[in-house]
């Protein structure tokens, strides 16, 4: 059987802490996040950063896999257009992102749950403000709760 | 080139035995993250055989701890939870190497910059750390043994910008026997420093110390000097850059011109008519000119905008006549493009001064006797437009002079930064003006910033000389007189914050101590060289403290004020440092590159060609006889874009394989 | 040992007890003091407000007279000590001052060649006599009498030569040698307001109040002073300065305490001249003095 | 003579095409019949469920189940066959990935039933009665299969050993799979019994694909006159070939139609839709967001297009519904 | 000076407002020169305006201009502001400022200098006792060579604050009874020497224009 991790505890809106997976480009947003650290800026602890060399490495599968495994939001940070360390990787990210967003809309996943931002190495404050903003928006949306799918559904439905 | 992936990769690998090392970083991490709890948690994760915490993991004993576990506990995968991998990944990779296991069997977890320094809630920070550590433990188990790539270094160096920083870097490298290309866009090297008369705090004559260096550049056997030239294209990678240089036509054959300047004398223009850029428009020059007497190279330039021959084609060409047999003048010259190959690049493109007219309330451009500090540098310069006389526009000497600091600095309306050099050069100008004119000199300052060897002492000296110091940012310069003593003067209005009242001080001359700004074309330049800028527009160094002349692009270094406001000693020091970095690379003869390249599994590839147009480096090609795509690992820079786009999952990126990233994603999200 | 003694005007007026006790101490230690012949007012601080040059000339006359004795001069009054020292120094540093003063002295047939050392009794007692000798001569130990040592400004500032500017301890050590217990007193060199009580009384009282209340807070039973003006300020305005809560704190010259320990009788050292008597404290401590 | 291996066939939520595919083996079916003993095949032979229930556990060598799991009865049968079979094989796209019926995961049961039984213009249902799990008639209560909220691939309900891809699997795929299963050496559990590279590899138009392809518009087959030789992607048609497992010999492309992805992704891909999306979008021209959007808007239904056969097996599995859809609404 | 310059006015709402713009004409460069040439003022131009003098002064909290501000106003030549400041009268010459000054400026001595200058130029509160005291002091010294505190106090108070003397009479009496108030005037033998001394100082001062 295709494995699904179903150990996620029940989420209630009251105690809900959004879990956001972030993919940061090694050359800009990851550095900006480092700078936010060295600048001792404070932001919500709800984001888990995964480093990639370029936002162009972010396979849409990564975004979906994160959602499928319990992420309430996904945040991709790349270099500003024209600033890509690899010349044009971020444009590819942008194009994929636009198409992916349409699929996500069709799949009922709210817009605010998936975000692409251009944040240069110097823009530590944008890391802070974007994360805080995104956490608040996702918090307002509530848990994504894609996980309790087939097994749970089947079990209950079979019991009817 | 050795293989990136070790032979036997993937086959019969031993089961992972993970060691987890959680760093306290003193209290930097331990103050916010419950390090013990994380360590205990990690110990229970599948595959983990050792889990330890330590005060400073990067210290020698910390490193020894890991090394020992590798040999004693057969740890074969290492997770270090400490600071940013950009800081210490190389350190810990070396530990693994020393201990005899592949250095890429390491995964770092950034729990300082990304956790302890940015969160306040200890519990949340600890939970986040556990998530990150769990993900790393899962990920590292999938790591493959990798080898760094070695590429040879071309020993030639390109230095961009011929100010004091560029000059110093070029000479340092050339003296070490390296071939240097020094490219400067103006017709002469020398930069801002060539415009100064004296330098603080020692009051050395700028020309006396700069000119010999300029001459050395001009005559150095290892320096190819291209002035009036610009870089238009940069390709390649560390050690192997291909650069295209555009050489603008100066309508003079540089190799034929001997700098006798007879053409200038002979020009049909008897007097100069064009504002002289070098003197900031304070004097006029002819269409054929030498920027300044000590210019290097000593080659004249013809300005086609004003030369009659270019405008009407009907000039008597007395200049050509004067040049005679040398025949150095060539009106048909066109721009040329040169291709050079270099291994390293030093950017020393300098700064520009703040445009004082952006502060309209200081009257620059409105009142003739409001000058910028750079203009006054030229006035004071003995080789300047007034022969060193500090005089007003009408030729008279000022009896009183107000020097306004921080024009275009420390101001959220213009530039927020401190320009660092203005306090000192204002003191210098105050001294020189007082010395030359005997005028009453007033300095209007916000704070007096004189950190530097001999700088505070210089300030002391100026205080003693009886220069007035009014602490307060000037609100206005106007010619509105409300007191008889103010008639015909420029009145400076400022609060004397030390006296705690507003003062109106009438002066004859106002000097605006303009701040330093990034060059106007900094965005184009940084894109050209693939480096970053701070939000302000200064070139971004790799690390503000530990790598201040390196950039995030290997082999590209920055020196001087293009990195941030800097005075001459700092610029020279940084230029020396940049030259040393380049030399270190050249002497190593090769550079090791991260093995993060992409590779295509030949048997899996369907030859759909989707990846080919995506590579900006043309590293992917279609192999016709196999009908499959292939990646040239030398050209691949490891962005991973093709990996993400391969529709059949047949391309992978070393160290960033799909499985590794999926494991990390699922690792951070899995519930404990 | 023999010294020239320069009493200064205050020791003949409000500070009479200082002179009486000082002489008693030196007597007990077998040190001879010879009063400077026909000494005049030192010039003092107030004088400087009007005419500094004259003040230096006045001080210099005393220095010139002392020079003839070839002995160090003891100046117990803090103001005199400072002015005499300062005059020497300024004559050295400023040729103009030296010229004026030399001429003035010449007019009365004197010369001043910077030969004498102007010294404070604390300096003599500590460095010439020594703690050991003093301790040996103590007859009535002060039995842990809690003393706040108050130095004031002028003997340590600006020309402290024999003690630390910021934390002088000479008096502390001398009184300890006499059996007293020195209490922590962070204000030991803080200004008492000087003549401020006379000119701007509100401010003077403020300053006095700080000094008194801090001594009280730290458990002092008596404040020891080295300056007639300090003593006067701290003792005479206690009622006015210490209203909340009222303060009753004996303020003695350090020489009075030393003289007591060395066995001098109360009468001979001017204890009766105090406005706040120390008798109850001594009784409580069972210090039976002569 | 040793006993012939027992084989079963079952049909869940599917169109029946897979059954046809078995029959499409043509004369080779005889070889099959000769080689195996078909013990259960409701569509062709008269077996009852109780016959299967009577069989000992694991007595069937291979059960081929086609169709997705849409109802409780299908789930029950999947469990039953699982327990009786040594090997359970998902046959065809619906069983493998959820298939066309899986697109129902863009909706929930309620809206599907409403659309079919209440809202469709041709329906006459004045009482508004809807399918129910229990029906009383004439004193008898009949229990009927329950219609699930979510369509699932077979492996989301029971453990599956092998997959035979395709909608339907071509006779060649099926034949090869059968040979493999009856052969001496079984492949690793979970293997999809088809080549593990993308379709382009065996596409007759492979050579006509340009090396530098980019898209300024996606065209639908009915909009253009399709060249019969040239790569369909090069003609701007959305062909899923690059992201789809080979094995079908590009039948659709040979029929001048773009691949729609029925064989699912290669083993290296978790989510076929995301992959083709990534690949195609990367090749879109334009750097301005508006231009990018304009080009992408020529794909009217990306989810339906990219997940035509694989929505239940995709990472997201189904559309997120408002509120907690785990509750049985 | 028209509508500008230091100027006090009453508004309609009864608020006292002061215009305090300072013109360069308000400055007295001569005063600035004088202060930097007076004894102790040699380094006043080096003043960094760090404020340590004000911080260490036990009386700065009562001052209108802190010592730091006085130093700045003095070296800039704002004579009127400086000489009319209350601060110069509050200084008790405790030398706390001077010993700590990072530029070794003799602030205490400058305070003396400013006091003197203020007295010379008549800048002080009419009944302010310090100039009176100094005057009485010098007179007494000239006459007797020494000071008799009791008499000095009486004279000072007679000329400044007669009412306060009455308030102090009780203390005076107590001191008298304790033998701390001299009735007899202290005087030296060779009083003519003092006169000659003082006259010589005055003469030299005049001669050298000090």
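The letters A, B, C, D and E name the chains in turn, as written, and every chain counts its residues from 1.
Please note the rule applied: a residue touches a chain if its C-beta (ideal position, glycine included) is under 8 Å from a C-beta of that chain, and two chains touch if they have at least 3 such contacts.
None of the values given here were measured: they were computed from a predicted structure.
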| item | value |
| --- | --- |
| If a chain touches chain C and chain D alike, it appears here | none |
Subassemblies held together by touching, chain B left out: A, D | C, E
| item | value |
| --- | --- |
| Chain B to chain C, fewest steps along touching chains | 2 |
| Centroid comparison with chain B (C-alpha atoms), farthest chain | C |
| Most centrally placed chain, judged by C-alpha centres | B |
| B-E or A-D, whichever has more C-beta pairs in contact | A-D |
| Farthest chain (mean CA position) relative to chain A | C |
| Separation of chain A from chain D, taking each centre as the mean of its C-alpha atoms, in whole Å | 30 |
| Where chain A and chain B are represented by their mean Cα positions, the distance between them in whole Å | 33 |
| Chain C and chain E: spacing of chain centres that average the CA atoms, whole Å | 25 |
| Rounded Å distance, chain B centre to chain D centre (Cα mean) | 57 |
| Residues of chain E whose C-beta touches two or more other chains | none |
| Interface hub residues of chain A, defined as touching at least two other chains | 59-61, 65, 92, 96 |
| Residues of chain D engaged with two or more neighbouring chains | 269-270, 275, 278, 282 |
| Chain-to-chain touches, reported pairwise for every pair that qualifies | A-B, A-D, B-D, B-E, C-E |
| Contact set on chain B toward chain E in their complex | 460, 463-466, 468, 471, 482-486, 496, 498-506 |
| List of chain E residues in touch with chain B within their complex | 1-5, 20-25, 36, 43, 45-49, 68-69, 72-73, 76, 78, 81 |
| Chain E residues within the chain C interface of the complex | 39, 58-59, 62, 89-90, 92-96, 98-99, 108, 112-113, 115-116, 119, 128-131, 133-135, 137-138, 141, 145-150, 153, 156, 164, 171, 174-175, 178-182, 186, 188-190, 193-194, 196-202, 204-205, 208, 210 |
| Chain D-facing residues of chain B, complex | 603-610, 612-614, 622, 627, 641, 644-650, 658, 662 |
| Chain B-facing residues of chain D, complex | 196-201, 206-207, 209-214, 241-243, 246, 265-266, 268-270, 275-276, 278-279, 282-283 |
